[in-house]
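In the two complexes below, subunit A is the common chain; its partner is subunit B in one and subunit C in the other.
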Partner chain A sequence: MVFILGVNFPERNLLKKSLQSFFGIGNDTSSRLLARFNIHPTCRVGELANKQVLDLTAVLSEMKIENDLRREVLNDIKRLKETGTYRGRRHALGLPVRGQRTRTQIKTPVKLNRMERRL
Partner chain B sequence: MASPWCWSCLSPLRTPRAILPSSTTTTRITTAGFHSTAVQYAMPAKKNKNSITQLKYRQGQTLRRKKKKATENRARPPAIGERKAMRKRIVLSNPNALEVEGMQELSPETMIDNRLRGSVLGLPVTMLDQLRAVQAFKPRQGWNIFRRPGTVLRRDALELGQLFEKISGDDPAEKGKVVRKIITGPKGSGKTVHLLQAAAMGFLKNWVVITVPDAYELVSGTTSYSPIEGSNPPQYVQPNATSALLKRTVEANSKVLESLKVSQKHAGLENLKPTMTLKDLAQLGLGDAALSWPVFQALWAELTATSPAPGMENGFQSRPPTLVTVDGLSHWMTKTAYRAEDYSFVHPHDLVFVQHFLSLLKSDKPTLKNGGMLLYATSTSNNPSSYSLEVGLDQMIARQDGVSPTSPDYPAPEAYSNADPRVLELFKPTAASGKEGVLELQTLGGLTREETRGYLEYFAQSGLLRENINEKWVSERWSLSGGGIIGELEKLGRHVSAPAKLAQPTPDVE
Partner chain C sequence: MFPTRALLGRSVWKGPNIVPIPLPRTLPPPPNTPPIRTQKRSATILPNFVGIRFAVHNGKTYQEVYITEEMVGRKLGEYVATRKRFTYKQSKNK
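Now for the complex of A and B:
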């Protein structure tokens, strides 16, 4: 088990997938992280040297990911609601925000867009 | 049956209670329109929970089907690596196949014997471990249908044998020559097996055999890489791949390497003693992957040394010639899956491992000072398209046909084709210097009809083919296989067909 940013990852896991398990890190960011530290794309967590783990953790801790990023997104939505914009209203009503049709296929906004929005 | 309705006023008729069946046996009495099955046996209809009236606010009226539950797989999955091991498994013998009587073995004598052309020579059993160590066998080459592994002595193999004979022979003009070849050919023409034959001949002649069985592994981003500090543009070492290369080399050549002693001083490896053998030296890089690249460089310097360094003359033995084979060359001519720090793709020629083996193709500097052979084969089964390589090979063909590089007929990359200058540079003509031969292109084609006959007779003698092998039949198979392409011949030969009459294979009868 290897600790990266306070999370314990099994050694057999792919490092790229493990990085992508953080909120805010996707395919592109994780690829760029690997390239930055010269880690090959199919590296397993267990193959990392100690220094690489520390480097990765140092960089990740400076990035806006996980709760910081969630808070930022929620704050943005809150600001929209408070300023009374159309987008904010759509967020609050549980309706699609970006002009999609509402006749069918709006399961996702129904599920997600509500007054107490969660991420 | 009488209708329960009154036909005049359409009111239900009263039925005497005694006629009705008792309510304990049937719950509902209805008539079924088109069914002949008794309705009372049907299951009572369930209440439909998902009726439209129960839909919540703003729920779509779309058809919802229950998802099928995934069937739970109770079987235990195979252990880690087991499936890959099965996939990569190499079976070299089949006890059900007949033993071929009078089958000759590959040996220094038979590999140059023109009379044996077209016959299948067995690989010496003692050598199989060495060949396995250098990964000369590949899965799906059909070794598992015969009693013992063997290869056809075709024209190209005989020429190869003669080259080996010349380079390690006593003739001062030929001894210590370096032969460089790129081997191409259509799919199934035997390029990889040609490399295997070369490795086998190298072992027979006590050469040092160094192989890269799959060039793809070095560029596919599956092995670790790290930049060399201070290199500009950045170059990268691949410690684990180098370690694997050393392992292959040590396992396969342990007898030769044990007989040679360290004779040079190497930067970065201060604790080497002159009493150490080259095998000990190579093994330093096996345990510690970080050391593997300096160790490989040291081993290479030792193998190409012609004289000992001052102060280390004790027990210096002249080094044997070296055979280097690489399979799947075109992977080294496209981009890699590795990324540089700025997220750009690493060029394969920036990997020092790849660069080392590619630099050997240049004949302007002495590379293998004790002679040897470089055989780099392209692959057709796993072949990325590389326009620059195509142009480079075309240029080589043109040069071999006598077209001058200054002539307008000389192939050049098309305008705006974005050909890779580093790849083209590799195939530029270089003059032969001393014993360094220029880079040649060898195209493997099909077997001749006589060789085809010898090869198919081997199938018959192994009990696979039950045909009367005569000129006409062989000629037919030769045409069917696209002019003797050996991979296609193997498919034809291993396809067991039931003949009209069981005739013993008699090679002498026409």
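Now for the complex of A and C:
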């Protein structure tokens, strides 16, 4: 078990996939992180040296991920609502925000767009 | 990587959509000045609009919008809805 940013990862997991389990880190960011510390893309969590773990944790703690990012996104939506924009209204109604058709197939926004958006 | 939608929206060489709107001489305008009537919903809200009341056309009537600092950079029409919400009307004769 290896601790990265306070989260416990089993040693046999791929490092790239483990990094992607953080909210705000996807395919692109995680491969960039690996390249930055000269780690090969198929590296497992257990193969990391102690210093590499510390380096990764130091970089991750400075990035805007997890709850900070969630809060930022929610605040952006809230600001749209409070100023009374069309986009904010669409968020509150649970309808598509970016001009999609609403005649059929709006299951995703109905599910996700709330007063407090599901993230 | 995908650029933001703000970048995709409009060509950079055009710049923001600046529409000549007759602004009051004194800022902020004295109380009891009538709001500026306009149909230019696509006009970008400029920093010198802050504190002015606009009456923006929604296709039928003019609705009042008070411009605050957060609205700068958006469009006037974003704050005035053009559509009514659907309400069920009961008909007498079936």
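One rule holds in what follows: the second predicted complex is superposed on the first by the 119 of 119 C-alpha atoms of A that agree within 3 Å, B and C clash if a C-alpha of one lies under 4 Å from a C-alpha of the other, contacts with A are read in each partner's own complex, and residues count from 1 in each chain.
Just so we're on the same page, a residue touches a chain if its C-beta (ideal position, glycine included) is under 8 Å from a C-beta of that chain, and two chains touch if they have at least 3 such contacts.
All figures in this text were calculated on a predicted structure; none of them were measured in a lab.
Enquirer: Sticking to the clash and touch definitions up top, decide whether subunit B and subunit C on subunit A clash or fit.
Expert: fit
Enquirer: Name the contact category of A:100: first (subunit B only), second (subunit C only), both, or neither.
Expert: A:100 sits against neither subunit B nor subunit C.
Enquirer: Hey, in the superposed model, what angle do you get at subunit A between subunit B and subunit C, Cα centres, nearest 10 degrees?
Expert: 130
Enquirer: Check whether A:27 is in contact with subunit B, with subunit C, with both or with neither, and answer first, second, both or neither.
Expert: Once the two structures are laid over each other on A, A:27 reaches no partner at all.
Enquirer: Let me test your reading of the model: by the given contact rule, A:86 touches which partner, first (subunit B), second (subunit C), both or neither?
Expert: second
Enquirer: Please tell me which partner, subunit B or subunit C, touches more residues of subunit A.
Expert: After superposition, B is the partner touching more of subunit A.
Enquirer: Check whether A:41 is in contact with subunit B, with subunit C, with both or with neither, and answer first, second, both or neither.
Expert: First partner only.
Enquirer: On the A-aligned overlay, A:75 touches which partner chain: subunit B = first, subunit C = second, or both, or neither?
Expert: Neither partner.
Enquirer: Between subunit B and subunit C, what is the shortest CA distance in the superposition, whole Å?
Expert: Nearest C-alpha atoms of the two chains are 12 Å apart.
Enquirer: With the touch criterion stated at the top, can you tell me which subunit A residues are shared between the subunit B interface and the subunit C interface?
Expert: On subunit A, the subunit B and subunit C contacts do not overlap at all.
Enquirer: Note which residues of subunit C are touching subunit A in the complex, please.
Expert: 1, 5, 68, 70-71, 74, 77-79, 81
Enquirer: For the complex, give me every residue of subunit B touching subunit A.
Expert: Going by the criterion above, the answer is residues 58, 60, 62, 80, 221-227, 236, 337-343.
Enquirer: Note which residues of subunit A are touching subunit C in the complex, please.
Expert: For subunit A paired with subunit C, touching residues are 28, 79, 83-87, 89, 98.
Enquirer: Of all residues in subunit A, which touch subunit B in the complex?
Expert: 12, 31-32, 34-36, 38-43, 47, 94, 104-107, 110
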